[in-house]
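Each structure below appears as structure tokens.
In the two complexes that follow, chain A is the common piece, with chain B as its partner first and chain C second.
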Partner chain A sequence: MRLTTRLGAAGLAVYFWAFVVFLFAPLVVLLIFSVNKSPTPTLPLSGFTTKWFHEAFGNGTLTGALVRSIGIALVAAVIATALGIMASLGLLVLRGRAAALALTVLLLPLVVPYICLAVGLLILVQEVGARPSLAAVVLGHSVIVLPFAILVIMPRLRSLDPSMNEAAQDLGASPLAALRLITLPLLAPALVSSAIICFVTSFDEFAIASFLAPSGQPTYPVFLYASARTPALLPEVIAIGALIIAGSLLLVVLAEGGRRWAERRLVGQTAAAPAEAQEAKDDQSSGEFAMVNG
Partner chain B sequence: MATTAVSTGQLSLVALTKHFGSVVAVDDINLEIPAGGFFSLLGPSGCGKTTTLRMIAGFEAATSGQVLLDGQDIAGTPPSKRPVNTVFQSYALFPHLRVFDNVAFGLRRAGVAKADVKRRVGEVLELVQLSSYASRKPGLLSGGQQQRVALARALVLQPAVLLLDEPLGALDAKLRRQLQVELKQLQNQVGITFVYVTHDQEEALTMSDRIAVINQGKVEQAASPQDLYEEPANAFVADFLGVSNLMDATVAGPSAGGNGAEVRLSDNFSVDVRGGDVGHRGQAKVVIRPERIGVEPAGSPGPNRLPGLLTNVVYHGSSLQLAIQLASGHAVTAVVPNSGDDTASAWSPGTAVACHLPPTGLRVLPGSPAGEQEQPG
Partner chain C sequence: MRWLRPGKGALVLPPLVFVGVLLLLPVAFISLYSVGLRTNIPGMPTAFSLSNWSDFLTGGGGAFRGRFVYSMEIALVVSVLTTIAAYPLAYFLAFVARRGRYALLLVLLAPFFTSYLLRVIAWQIILNNNGVVNSLLWTLHLRPHGSAISWLIYSNFSVALVLFYTWIPFVSLPIFVVLENMDHRLQEAAADLGASRAATFWRVTLPLSLPGVIAGFVFVLIPTTGEFITPLLVGGPNNQLFGNSIQAFFGDTPNWNYGSVLAIALIVVVIVLTLVFGRFLQTDLRAEARPGQ
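Moving on to the complex of A and B:
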């Protein structure tokens, strides 16, 4: 019995570490070779250099694609998050079958292969007489990241006490003012998460961008794919890859920190709180009890 | 506020009806709610009392009927424009705003000058004894304090009518009783019409000037607490307010004295009844409160007395609650003071007693044939 438990635990540990290595080894490899002197990513390592970073930033095509992708991802994230707020508010009002149907339609981009959407969008863009453009990419990306925005915002919205909005209106706020002054500030942590997830998803997207981006204006993933056939570019691509990993880590850390800060602000546990919290506890012990804020 | 200055806070609900799909939540309610009083809507959960309140606040549109505030139909006025404010059951405090900003919210929406906001919020926080908590977030307050913030936030706008939706429901019993008294005092102090929704009959009896008992979307009876308790209009009211002994009986005719009715509790036992619908004839329910039943040693002589058998004795400290099986077949509950004498201490299950049902304690309930009364849902 004991032996099997131990074997099981050991097995789990092996599985866990194998998983971690599998997950992070590619990233570590990327980081290591981004500062390796040799222009080909092969062992043994041939010394430290920051040359590839300088070269990457000196490459106008590369930085152009990078800036393009960041811009598209920013706009798509803002559009999708705004639409996500509206969709979530609408879904909150719907009941039963109508709600299920609306949600299914809104989440459909999750299960439609991006390549199909890309072809469809390309045909649509040409049918309405437009040309492939960065605006079309933004449009396409807004569509595919909208489900993520809804999936992040809706649960938060559902967790809010609906009578808070009613209370705001009862106290003289128009429905719009109630949204602005009460609902949106309380949604803030979810809005930040939504924007980040949308940004990263759009930044990473290849199929739609490759169909809809005008020739000569590739997004970063499209540029990467094309330059994979140019071995001379590989060290620069690796260097940018390493930077993106570092940037993503920073973003995640900042986002989590920001979310916690926002949550603390919501319940009022500011820096000056410990003494106050203690008093509140004292109040409880004298017969009252604190309400948990939903 | 300019809009509230002319209001005196007299509400009339005229044929107010609300359907949710095929469900009739509020069914043709007619009520006069006098200005400056403490009015309670009392009923079991799901009876339509909260829906009624929400129609007064403007959160639900009536299917038909009117809500008149000082004679004006306010149906078309959105909640934000009604001189009516609400204290929500969940308090609905804004967790991201400090207590001060929660209370100031309505004043700022109304465009009140900054200095006046500060003064009025300060005054109302003093009124609810929360001045020292102004800069805290609601999440750090206890339940009772949050309840008072919700109250201050609504009162600061000096509404014509204050609506309270089970505002004490989330608090423990001891604190609830304390706040009942405070709330009643506060209402006297500010003189605003309070419309109070509760399912707690004791709470309604303690605080209200007037109570409407609501069941299945209809008003069963609207009267003062005393009238509701002493003169319930029907079996539902009698049963919902306090403990009642409801007995199926037959009203045979006028009593020997002439000013009451002779009521047959069974083939062998008749009593003289003075209260209620004594002109009724035939099947009816007769009601008596437990504290009105006199419990005497078996064989005690006199009219309106029935032999009975004690089936259970519950010791309540200051009183004894006795379950008695009457010879007429009815099971009743009697509450007698714990006098400490020998008779009382000798009572135990199985003891034969005589029950005195005084004619003035008995009431014939009109229009309540046996078996029609529904359970509160």
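Moving on to the complex of A and C:
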């Protein structure tokens, strides 16, 4: 027996697509108003223009904030992914209580509210006699994205066949060489996923940046928040926002497509499993990926 | 400490130290500030004192207690509504859209990967007094020009709506994973034994999917408890959440000692929630949720 009647299935499909419309509507609204002539986002629409894009890219504060955020997100993604590799390798070996405790501490940033961590870091900066700086923002972002890196890298690492690494070492590779030549290349899809997730999260982070970015050097979200309350700046914010939304949607599609392609290739190269088992594995790992990602 | 011996296991130490210095140490400092052992107020003596705590818990800090209760109410209402609304989405993906369900899952999740702040700003544009909804009603002559719907923005409605919008893709995920990994033979067995579709759902599918439902519920509840950006942009003065109170004490009207009390209170609540529901989160993170667990 099917679990749903034909009518039920149709109803669920309508419900699902209605939600997709609801979820994308605000994004579409931004896209529409980014090319609308009137400086106030209101209906009726007043004609097509690209002037907001020109003005946005001519606004040094805005582009400066963008560049700052991209730089911070890149460094935070590299730090977190590197630490994520270390943590995953370490957790692979640890057993029992030590492993559970280490994992709990490493995943704590998922639980502590960003606002609390932000004020804590502000206190820490003050206590060590430093001043708010972009470096402090980078460190704060690296901590909050570290769990994402671990949750993406660890399952992939666990799914690798340890005998490949052992074989490399039996053939004379040092542990480091085995790591570099065997383990890391096999981890590549997960490392790319990790870096992307960390980058996107840091790029969008507001709480920590709002407390730790020096006043003359806003990150992009900090600038965005300030200008969302300044009507004159709103059209430029919408224009850049539309570009960023289009870019991130494209990135999601490319990342997921690329990851599937890469993993299929790697699975094809390294395992002679029957096609069905491979497919099952693919499905499972994308489930995990999605899980961790969301 | 056997596990500290040199070897691959020790690789976990640098990340642990990193989290220790940049997360545990800040939280330790907040604790010190909350009991007056450190202060940012010039001329204030530093000595152990629970006066800020007693003010918040039982004394004159009634406004913050009220804000706390209000935040918890909003967080609970949003979490319940989001979980209920997400279930059919997950059910559709797992049992109706068999083919291409991962592509559809990605469609559902994609908005979640776009900038959170931008999405809140988009809602502000949609809901505000001469925003998309109101101006559309004017253009269609459904409301007199210039008269805005009063509860559309800067209200409980707008804060709850935007939080609901933000979290729904994320909640459908753990529910989907549990439904997806469910042993379908159990549902077939129920049907073979004469259960109707409705009975199969209420007595087999739904109970077996509860770990995912609870995980989804907690996935919203925990971050919503500490939320402060949405109320800043679409909430009025009466819709600010507990996170906004913390923010204010470290921003415009600095009193780090009192703010630290609120921050620690929030951390304690979130940690208690995590401990209570942690079992379900872990089950779920490992994607091991199987019937019978």
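List of remarks:
The criterion applied here is as follows: the second predicted complex is superposed on the first by the 250 of 294 C-alpha atoms of A that agree within 3 Å, B and C clash if a C-alpha of one lies under 4 Å from a C-alpha of the other, contacts with A are read in each partner's own complex, and residues count from 1 in each chain.
Following the convention adopted for this analysis, a contact is a pair of C-beta atoms (placed from the backbone, for glycine too) under 8 Å apart; a residue touches a chain by one contact, two chains touch by 3 or more.
A quick note: this is a predicted structure, and the numbers were derived from the prediction, not measured.
Once the two complexes are laid over each other on the shared chain, residue contacts for A:Ser174 go to chain B alone; chain C is not touched. Using the contact criterion defined above for the overlaid structures, shared-chain residue A:Leu30 touches chain C, although it does not reach chain B. Of the two partner chains placed by superposition, A:Leu7 touches none, neither chain B nor chain C. Shared-chain residue A:Pro185: touches chain B; no touch with chain C.
In the superposed model, A:Val21 lies in contact with neither chain B nor chain C. After overlaying the two complexes on the shared chain, residue contacts for A:Val237 are found with chain C alone; chain B is out of touch. Contact with chain C, but none with chain B, is seen for A:Ala98 once the two complexes are overlaid on the shared chain.
Shared-chain residue A:Glu166: touches chain B; no touch with chain C.
More residues of chain A lie in contact with C than with the other chain of the pair chain B and chain C. Shared interface residues of chain A, touching chain B in one complex and chain C in the other, are 283-284, 287-288, 290-291, 293-294. Across the interface of their complex, chain A is touched by residues 57-59, 78-81, 84-86, 88-96, 98, 105-106, 109-110, 136-146, 153-154, 157, 170-172, 174-175 of chain B. Of all residues in chain A, those touching chain B in their complex are 161, 163-164, 166-174, 177, 181-182, 185-186, 265-270, 273, 276-277, 280, 283-284, 287-291, 293-294.
On chain A, the positions that touch chain C within their shared complex are 1, 3-5, 8-9, 12-13, 15-16, 19-20, 22-27, 29-30, 33, 40-44, 83-84, 86-87, 89-94, 98, 102, 105-106, 108-109, 111-124, 126-127, 139-140, 142-143, 146, 150-151, 175, 200, 203-204, 206-207, 211, 221, 224-225, 228, 237-238, 241, 244-245, 248-249, 251-253, 256, 283-284, 286-288, 290-294.
Partner chain A is touched in their complex by these residues of chain C: 3, 7-16, 18-20, 22-27, 29-30, 33, 38, 40, 85, 88-89, 91-93, 95-97, 102, 104-119, 121-126, 130-132, 135-136, 138-139, 165, 168-170, 173-174, 177, 180-181, 187-188, 191, 197, 200-201, 205, 222-223, 225-226, 228-229, 232-233, 243, 246-247, 250, 256, 259-260, 263, 266-267, 270-271, 274, 284-285, 287.
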